[in-house]
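After this come two complexes, each holding chain A, first together with chain B and then together with chain C.
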Partner chain A sequence: MIIIGEKINGTRKAVAQAIRERDETFIRDLARNQTDAGSAFLDVNAGTAPEREPEDMAWLVGTIQEECGIPLCLDSANPSALRAGLEIVKNPPMINSVSGEKPRIEKVLPLALEYGTNLILLALDETGIPNTSDGRMKIVDRLVRLAMDGGLKEEKLYIDPLVTAISTGTDSALITLDTIRRISSTYPKCHITSGLSNISFGMPLRHMINRTFMAMAIQAGLDSAIADPGDRQLYEVIMAAEMLMGRDKYCQGFSRAYRAGRIG
Partner chain B sequence: MIIIGEKINGTRKAVAQAIRERDETFIRDLARNQTDAGSAFLDVNAGTAPEREPEDMAWLVGTIQEECGIPLCLDSANPSALRAGLEIVKNPPMINSVSGEKPRIEKVLPLALEYGTNLILLALDETGIPNTSDGRMKIVDRLVRLAMDGGLKEEKLYIDPLVTAISTGTDSALITLDTIRRISSTYPKCHITSGLSNISFGMPLRHMINRTFMAMAIQAGLDSAIADPGDRQLYEVIMAAEMLMGRDKYCQGFSRAYRAGRIG
Partner chain C sequence: MASELAGLLADLKEKEAMDLVGNKLEQGTDPMEILGDAREGMKIVGERFGSGDYFIPDLIYSGEILKEIAKLIEPHIKHKETGSRKLGKVVIGTVAGDIHDIGKDLVVLMLDINGFEVYDLGVDVPVHNFVDKIRETGAPVVGLSGFLTLAFDAMKETIDAIKTAGLGDDIKIMIGGGQIDDEVRRYTGADAFGKDAIEAVALATNWISKA
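Let's turn to the complex of A and B:
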C-alpha cells in the first residue's frame, strides 16, 4: 500500500498557522512522523491565497526536504505554486491533481508532462462527479490517454475513482468499488489511490466505517491511499487486508509490524 | 446478514458443564443474549459422547425453546442426536452440516430431506478441504444437486466455502473469497455462510483480522455468518459493510442501531 500522508495541508488550522509563522519545527515534525509511520509520499498543500501560494509551497518543500528525503506530492490547482515546488523538489515528485476540468488539463497537465512527475488523475469534470462508474470511467479513459500521449508511463499514474458520502447515496460505495475494479482491469499497471474518508461524511462512527471501506477498496484493487499513516487502527486494517489479499508472503510483513510495535 | 449464534456449543468448557449439570439458567441466558444481540438462528451443539448426545441435544432444544422462539441450527454429525432434536423442535430448523463425506451424505442428508430443514453444506470431503476454489466448487456442485434432487429449495441451502488459516497459506483468504464469489454467481438464491475466525489462527490481533476479513467476505457475497453476535466490534463492521454494499437504504438500519446503542 502506497500511503500518501495527508497531514501537511494548509486547510488545517494548525498547519495554516505554521505556514504563516514560518514554524519550521512544526512542519518538520509532521514530515518526520508521517515518514516514520509508513508514508511513501507526503502530500504538500499550502492552501493559501494564490498570490502567496508559490512562496509558501517553496518554503514547505524546502523545510520538509531539510528533515527527510521522502518524495513529495505537490497538491495545488495553481500552476505557479506547482512550478515553484517542482523547481526545488529533489526526489521524483507527484502532482495532485489533474481532473477532466479544462484549467487542470490546460495548465496542470503540461507541468506534469514537462517534469515527468507521478500524477493523480481525478474522475470528475466540470459537471462534477458522475454518479455511475460508466461516467467516471469515461473521464478516466480520457485523462489516461492524454497523460500517456504526453509521455507519462502508466506506472506514474495514480487514478482516483473518487468517493462520495454514503449518507447522500445508498450506492455511493458500490459506485466507487466498481470504478476501482474497472480501473484495475483496464489499466493494470496504473496505481489506484483515493482519500476514503468522504464515505462516512454525516454518519456516526466515521473511523470504523472508513476502516471497513478501506478493506473493501483494497479487495477491489486500491493499492494507494491518501490518508493519515499515524491512524493506528486504519494502518492495522491496511496491513491485514493486504495480508488477506495474498500480498504478504508467510504473513512476514504483518508479523514484523506487530513485533516492532507498529500495530497492536 | 443472517447471524447463526455460535455460543451454545458443548466443546466450550462452561457449556459442557451446564449440559452435565442440567443448568437451565445458564443455557437460557445464552439463548436470550444471542437472540437479543441479533441472531437469526442459534447453533446448538451438545458436543458430548455419542451415547449421551441425543438426550443432551433434546434437553438443550427443550430448554432454549422455553426461553425464546428463535429458530435453531442443530449442529451434530450424529444422526440420532439430530433426530432427537428434530422431533421436538418447533420453528423450521437448520442442520449443521452435510459435507462431501460419505457418512454425512448417507446419514445426515436424508434427515434434512425428511424434515425439509434448512441445511449447511460444507465444501470438504474425505480428502479434506481442497486448496483451490475449483476443488471446493466441485464438492459444492455435487451437494447442491443432491439436496435439490431430494426436494430442498435453493433458499434453504447455506453453503459454507470454508476458511483455512492465513498463517498456513498466503492464499487462504483469496481461495475462500473466490469460492464465495463463485457460489454467489452460480447459486444466487442459496445463502453463503461461514465461521470466519479460522482465518486468524496462529496470528496476533485475531479479532481485528477477523473483522477485516468479514468486510471482504460480505463484499464477495457472504450473507450469513456463524459468529458471536455479542462481539460488538464485529457487529459494527457487519452493519457498516452491509450499508456500504448498498443494502441499507438511506443508512436507516445503521442509524437506528446507533441510536439504540447497539453499535458505537
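Let's turn to the complex of A and C:
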C-alpha cells in the first residue's frame, strides 16, 4: 500500500499557523512522524492565498527535505505554487492533482508532463463528481489518455475514483467501489488512490466507518491511499487487508509490523 | 554467538542470506559448514516460534529459505555426504477420518529440514497404510496427526494395529494436533505427544539418537 501522508496541509489550523510563523520544528516533526509511520509520499499543501502560496510551498518543501528524503506530493491547484515546489524538489515528486476541469488540464497537466512527475487524476470535471461509475470512468478515460499521450507512463498515474458521503447518498460507497474495480481492470498498471474519509462525513463513529471502507476498497483494487499513517487502527486494517489480498508473501509485512509494535 | 548466516536466516533476510551463501561457496567454504550455520539459524527460528515472537508463516518462510540454501549448496556436496546426512526415517500422516493438513505439513517440513527422511502418507490415511509403510521402510519413528476429536479413536486404532502387527516394540509413536494432551496420549497408547512442529522435531531427535 502506497500511503501518501496527508497531514502537512495548510487547511488544517495548526499547520496554517506553522506556515505563517515559519515554525520549522513543527513541520519537520510532522514530516518525520509520517515518514516513520510508513508513508511512501508526503502530501504538501500550503493552503494559503494565491499570492503567498508559491513562497510558502517552497518553504515547506525546503523544510521537509532538510528533515527526510521521502518523495513529496505537491498538492495545489495553483500552477505557480506547483512550479515553485517542482524547481527545488529533490526526489521524483507527485502532483496532486489534475481533474477534468479546464484550468487543471491547461495549466497543471503541462507541468506534470514537463517534469515527468507522478500524477493524481481526479474523476471529476466542471459539472462536479458524477454519481455513476460510468460518468467517472468517462473522465478517467479522458485524463489517462491525455497524460499518456503527453508521455507519462501508466505506472506514474494515481487515479482517484473520488468518494462522496454515505450520509447523503445510499449508494456512495458502491459507486466508488465499482469505479475502483473498473479502473483496476481497464488500467492494471495504474495506481488507484483515494482519501476515503469523505465517506463518513456527517456520521458518528467516523474512524470505524473509514476503516471498514478502507478494507472494502483494498479488496476492490485500491493500492494507495491519502491517509494518516499514524492512525494506528487504520494502519492495522490496511496491513491485514493487504495480507488477505495475497500481497504479503509469508505474511512478512504483517508479522514484522506486529513485532515492531506498529500494529496490535 | 550465532554465525552471520545463522543470524540472517533467523531474521528471515532471504536475499542477504542467499547472497552470503553464494559468496561463501565462491570462496570455497566447506558446504557442510554452511549447512551447519543454516541449521543454527533454524534453531533460533524454532526458539522464537516457541516464545511467541514468530508465527506459522515465519516458520514456513524459514523452511523455504533453507530449501533454497540447500539447493545452492547441493552441487558442491559429494553424494556420499548427502546420503549420510539423514538422521533417520519417520512415517507420518493425518489419521483416517480427518483431513486437516496444516499442522501435519509443518511437522513434515520441520523434520525434513532438520535432516530426517520423512515418508508423508497425506491425510485421511487408512490404518493399514501406516502399517505397510512402517514395514516397508523400517522407520523407527511414527507421527500421527489429527485435529478432530474423532481422530483420537482413529489414532488408537492405528496404534493398536501397529502393535498387533508386531511392530510396536521397535518403534516410537508420537501424536499431535488440535486439543491433544497427555490424557489423549494415554487413551491412544502413543509414546508421546507434541504441541507443535518444534516439539515433534525434539521428540524424533531424542528417540533416534537413542535408537
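The criterion applied here is as follows: the second predicted complex is superposed on the first by the 264 of 264 C-alpha atoms of A that agree within 3 Å, B and C clash if a C-alpha of one lies under 4 Å from a C-alpha of the other, contacts with A are read in each partner's own complex, and residues count from 1 in each chain.
One rule holds for everything that comes next: contacts are C-beta pairs under 8 Å (C-beta built on N, C-alpha and C of every residue); 3 or more make two chains touch, one makes a residue touch a chain.
Remember, predicted model here, so these are calculated numbers, not experimental data.
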* First (chain B), second (chain C), both or neither: which does A:V237 touch? -> first
* Could you look at A:I199 and tell me whether it touches chain B, chain C, both or neither (first, second, both, neither)? => first
* Asked: Touching A:T170, do we find chain B (first), chain C (second), both, or neither?
  -> first
* Asked: Counting only touches as set out at the top, which of chain B and chain C does A:Y250 meet: first, second, both, neither?
  -> both
* First (chain B), second (chain C), both or neither touched by A:I88 -> neither
* Which touches a greater number of chain A residues, chain B or chain C? -> B
* For A:A14, select first, second, both or neither according to whether it touches chain B, chain C, the two together, or no partner. => neither
* Which residues form the common part of the chain A surface touched by chain B and by chain C? -> 249-251, 255
* Would you mind writing out the residues of chain B in touch with chain A in their complex? => 166-167, 170-171, 173-174, 177, 199, 203-205, 208-209, 212-213, 215-216, 219-220, 236-237, 240-241, 243-246, 248-251, 254-255, 258, 263-264
* For the complex, which residues does chain A have touching chain C? -> 249-252, 255, 259
* Of all residues in chain C, which touch chain A in the complex? -> 12, 53-55, 57-58, 60-61, 64
